[in-house]
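Next, two complexes with chain A in common: one pairs it with chain B, the other with chain C.
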Partner chain A sequence: MNAAIKKILRNPVGLFSIIIISIYTIVAVYGECVYRYNKIKDQTPSYQETNLDNIYHSPSYKPGDNFLGTDGLGRSVFPRIIQGTRIAFHVGIITSLIAIPIGVLLGCLGGYYGGKMDAIIVWLYSSVSAMPGLLFILAISMVVGKGLLGIYVGIGFTTWVGVCRYIRAEVIKHKNRQYVKAARALGYSDTRILFRHILPNISHIIIIVFSIRFPAAIATEVFISFIGIGVENEPSWGVMIANARTRLWEGIWWEMTFVTIAIFLIILAFNLLGDLLRDIFDPRLN
Partner chain B sequence: MKNETLKIEDLRVYFPVKQGLFAKTVNYVKAVDGLSLTLKKNQTLGVVGESGCGKSTLARAIMLLEKSHTGKIIYNDQNLLKISSGQLKKIRKNIQMVFQDPFSSLNPGMTILDLVTEAAIFHKLIKKENKVSYAESLLENVGLSKKILHRYPHEFSGGQRQRISIARALSANPEVIICDEAVSALDVSVQAQVINLLADLREKHQLSYIFISHDISVIAHISDYIAVMYAGQIVEQGPKDTIINFPIHPYTQALISAVPSIENDIKDRITLNGEVPSPTNPPSGCRFHTRCQYAEESCKTNVPSLKEVAEGHLVACPIKAGISQL
Partner chain C sequence: MFKYVIKRILSTIPIIFGVILLTFILFDLVSGSPAQIVLGKNAKIEDLERYDELNGYNKPVVFGLWSDSRILQDSSFKSSMRPFVENDGIEHVFGTVDGYVVISDGSYPVPMALEFYPKEKYKFIITYKTIGDGGVKVSMFQKNGTASPTELVLKSTSGKYKTVTIPFKVGDFTGSDSISLNVTGGQLQIQSLKLRRKILQPFNSRFLQYVVNVLTLDFGTSVVSKQKVTDVILEGVGPSLCLAIPIFFGTLFVSVCLALVCAWYRDRLPDRLLVILSTSLMSINYIVWVIAGQYLLAYKLKLFPIWGFNSWYYFVLPVIIGIVCSMGRDIRFYRTIMLDEMYMDYVRTARAKGLPGYMILFKHVLRNALVPILTNVSISIPFLFTGSLLLETYFGIPGLGNASINAINSADIFVVQGIVLVGAMLYVVVNLVTDVMYTVVDPRIRLK
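The block that comes next holds the complex of A and B.
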């Protein structure tokens, strides 16, 4: 594991993506603190305060002024992007926390036991992946109500399929290795072999899958919020783009531009990191 | 007889051949077909045969890693194929295995310490706190340094890994160790070291081995008793010296004459034509008749059974066995 971290940091692309992801993480944590602070104080946070005297203020670099300009309700864009980062990280982490355990568990069980269990799991993930994901998320947000909860549940319960497939294939590959046969010969139970012997050898896949799932979840959330069935009354990046779109033709470019850059950078960084992790961990390339 | 450890009776391992839309079983690959063996205490039983004759399947069947169709594997008066999984778990640690490929048989993600002590902890032979000293004594047994405890398998050579595999097999304190081509993947010089190590350990820990190999010179070196396998069946078995010096079955004769020798140049080497018959459709009668130079018409129809020609020496060839008795 240490060797992998060294390899990433030595690679310029890896270093770049790690720096970007670190900055975003710090920003997201800061955003969370601001959000919590305002919630405890029970006050309207500054990024939600409307100031109708100051709408569509263009970016200014004077200290104390609106750094990235203001939007149509006079709200400063910069803190709203920070809050968008917070929401994006929430979505990325929580959907991964839903999808990865489901995918890993089902993939392990199906791959290891085979037979009927495998047939049922393959049938299950084939059925889920046959449904258009967006419609599924729509349906869920209709049931649990609009907002972040619908997005967490909707994305979480549709994206485990990829994880499951990947893990299942790896488990099938490993279960015929001799070290697994040796473990069976030593009399270990199936659960011990599966979770103590096979899973540690494929755990790098979980890291890779996380680095791919995270930006995908963010992109999905942005899109869903953009079309207006996702986050409401909170500055998600999707909501901000949807708002900025209306006045773009009048030359109000800053909100759209900065939000897009924010999305672009984090997704780029995660995708580059994901590719790099796959290169590093793929034994065929070593 | 009390000095028997493991007894195999009429073991058959068939793999179904499935075909068609509904995976109908159309035939069976008869990898091991009616095989009986007896392993005596503190002895080494060598099983020799060419590739594809079912040696490794036999090893896996004894370890219960393959589902056997019929037969008995008797250990301590219990048929391992019949007892419950709870009882089996207790017995399993008494029969251990050393695998052929030292590069894939060790879990790459575990340290040597965990590899060699996990089984002992799992079977409650030692407590977790004592695992370092236990591992050290095991490594000393197999001739490795104590310093390697916290290293990973990929840092070692083939011979060292095979020693680690042996240490792992020993950790459960077994009575029987099955070595499935345990030295075939190693260099000749390392082979000798590992074979001698196994022989030493046998004396020290009162072990019994079933030693499986395609190399009759290795088998001759380590075994007390040899069984020759052909197409899933045993064609000849007996004490080592008898088999090596006075082979009776034509197949055994061919195997032994194929061993290269420095001292005497063998002129009349017996060469076998053709290949091992398909285990799906084995030849009728004697399975060796398609390649046997002594084959007669009756060999094609009569299935030979093992007949005792001398004490403990069994041969499944009525023609040659008859000659030797004259």
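The block that comes next holds the complex of A and C.
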């Protein structure tokens, strides 16, 4: 693992993506702090305060001014993008925390035990993957209800399929390796072999999967919020794009542009990192 | 061969069952009462009951002998059962989690929202605690005759709640307030009072009806437009395909060509640039492409119409945007496939034979790469039918994508359910067909 980290940091592309991801993480944590602070103080956060005297203020670089301009309600765009980062990280992390454990567990069980258990797991993921992707996520979000919960559930309970497939295939490969046979000869229990021997050996897949899932979840959240069944009354990137879209035609370009750049950079960084991780851990795949 | 095809067809049955089960769980169990959705929040209880009775939503979920009844909705004694708890002699206590009532001697009419269905069996379930030492006599009776002639003696020990059921059969009487709870001989603390209706055919459940509906392609009617969902889908498929098919073939053509360029110049500048380009393309959000394309090309430069569905020209811009959106991922994917092939032995042999590079690329590599490419292509065919959600919405193309977004925005659950189901079924069927076709083309697959 240490060697992999060194490899990533030595690679200019890897270094770039790590730096970008770190900056975003810091920004997201800062955004969370601001959000919590305002919640504890029970006050309207500055990024939600409307200021109708100051609408559509174009970006200015004077200190203390609205750095990236203001939107149609006079709210400064910059802190709203920070809050959008916070929401995007929430979505990326929580949906991964739903999808990856489900996928890893089912994939391990199906791949290792085979037989009826595997048949049921394969049946389950084949059924889910037959669903029309994005539409199914939207349908789940609709049924569960507007807001972040619907997004978490919708993305989390559909995207475990890819993780499960990937892990299952890998476990099947490892099942007949020498070290597993040795562990079996020593009389270790199946659970011990599976979770103490095989799982650590395929743990790099979890990292790769996370680097793929995270940006995909962010993009999906942006889409759901943009359509208007996701986040409400909070500056999610999707909501910001939806608001900025109508004003773009009047030449108010900044909100749209800066949000787009914000989304682009984080997704690019994760895509590059994901490629690199696949190169390092699993050269066959690329 | 024939045996394989039969086996493959049989193997889709569990998947179809799984799809039906998943959608049933999502749209029937999680989404709540369809009557409430269709008739609105302020609908009268009579209408809700009539709707449920007509459409079979008051049947048990999978199997059951007793079902809930709207006649007396389950009471927590917190908000519902208003008239009952206001009877004289009833002490209503709010708990932190749940409320309860304390009843002393007397006869208390239980409010019935609706009339009973004649000649059916019902039962009351009372969760109670007796206060004091003696047993409390309880009976349910109707004004013009007793429905539960048996008088139960209730007695709870050690202050725990107990449950008792009082079954009764509805005779030929009517009236909505004609059942009373009669208590004599002590005080009774009641936590809940429920009414259940006996199911005549326990296997005739909501799930069974759902399966039958889906298999007969009856997805109900749209809540908003009152149109049959099947008609909505049939109307939407045409425009969706008009948009999706050019995007599909355009993307395939462009990305295979560019992937060939990558393979030709592998690890040299054009390849590197294309990889960077496609990674960047992948990272730009779909929404941004739609908005920027519409704004710049249609609005600013006036090259294309902005919105509408009148002639082929209206499709040009959405098709271009669609191709650009899906290009990034596909170029990278096809490039990987081509490069995999480039390291195969037959390429080395061909090169050793002295074949020129372009011959190797087009005649050998492309042909061998065709199988994984076609697999990738066949997977995306079913998604052509459900259309592009965003492109259709923002370019005013009345396809299925547009219909689904509208349905999702107006919580039109039956339309969403219908489109999801049709999409999933198509996926299963198309997969089946491609698998069978593969075995025709390549007999080796059958042996696996």
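The working rule: the second predicted complex is superposed on the first by the 282 of 286 C-alpha atoms of A that agree within 3 Å, B and C clash if a C-alpha of one lies under 4 Å from a C-alpha of the other, contacts with A are read in each partner's own complex, and residues count from 1 in each chain.
The criterion applied here is as follows: contacts are C-beta pairs under 8 Å (C-beta built on N, C-alpha and C of every residue); 3 or more make two chains touch, one makes a residue touch a chain.
All figures in this text were calculated on a predicted structure; none of them were measured in a lab.
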After aligning the two structures on chain A, examine chain B and chain C and state clash or fit.
-> fit
Partner, of chain C and chain B, that touches more residues belonging to chain A | C
Is A:144 touching the first partner chain B, the second partner chain C, both, or neither of them?
-> second
Tell me which partner A:268 touches in the superposition: chain B (first), chain C (second), both or neither.
-> second
For A:200, is the partner it touches chain B (first), chain C (second), both, or none of the two (neither)?
-> first
Which superposed partner A:256 touches (first chain B, second chain C, both, neither) | second
So, does A:223 touch the first partner chain B, the second partner chain C, both, or neither?
-> second
Could you tell me if A:186 is touching chain B, chain C, both of them or neither one (first, second, both, neither)?
-> first
How many degrees apart are chain B and chain C as seen from chain A, counting from C-alpha centres and rounding to the nearest 10?
-> 90
First (chain B), second (chain C), both or neither: which does A:178 touch?
-> first
Examine A:130 and indicate which partner it touches, taking first as chain B and second as chain C; both and neither are also allowed.
-> second
Distance floor for C-alpha atoms, chain B against chain C, superposed on A, in Å, equals 5
Chain B and chain C contact sites that coincide on chain A, given as residue numbers | none
For the complex, which residues does chain A have touching chain B?
-> 177-179, 181-188, 192, 197, 200-201
In the complex formed with chain C, which residues of chain A make contact?
-> 123-124, 126-128, 130-136, 138-140, 142-144, 215, 219, 222-223, 226-229, 238, 241, 245, 248-249, 256, 260, 263-264, 267-268, 271-272, 275, 285-286
What residues of chain B sit close enough to touch chain A in their complex?
-> 60, 63, 65, 88-89, 92-93, 96-97, 99-101, 104-110, 118-119, 122-123, 165, 168, 172
Which of the residues in chain C come into contact with chain A in the complex?
-> 14-15, 18-19, 21-22, 26-27, 30-31, 279-280, 282-288, 291, 295, 299, 336, 382-383, 386, 389-390, 404-405, 408-409, 411, 413, 416-417, 419-420, 423-424, 427-428
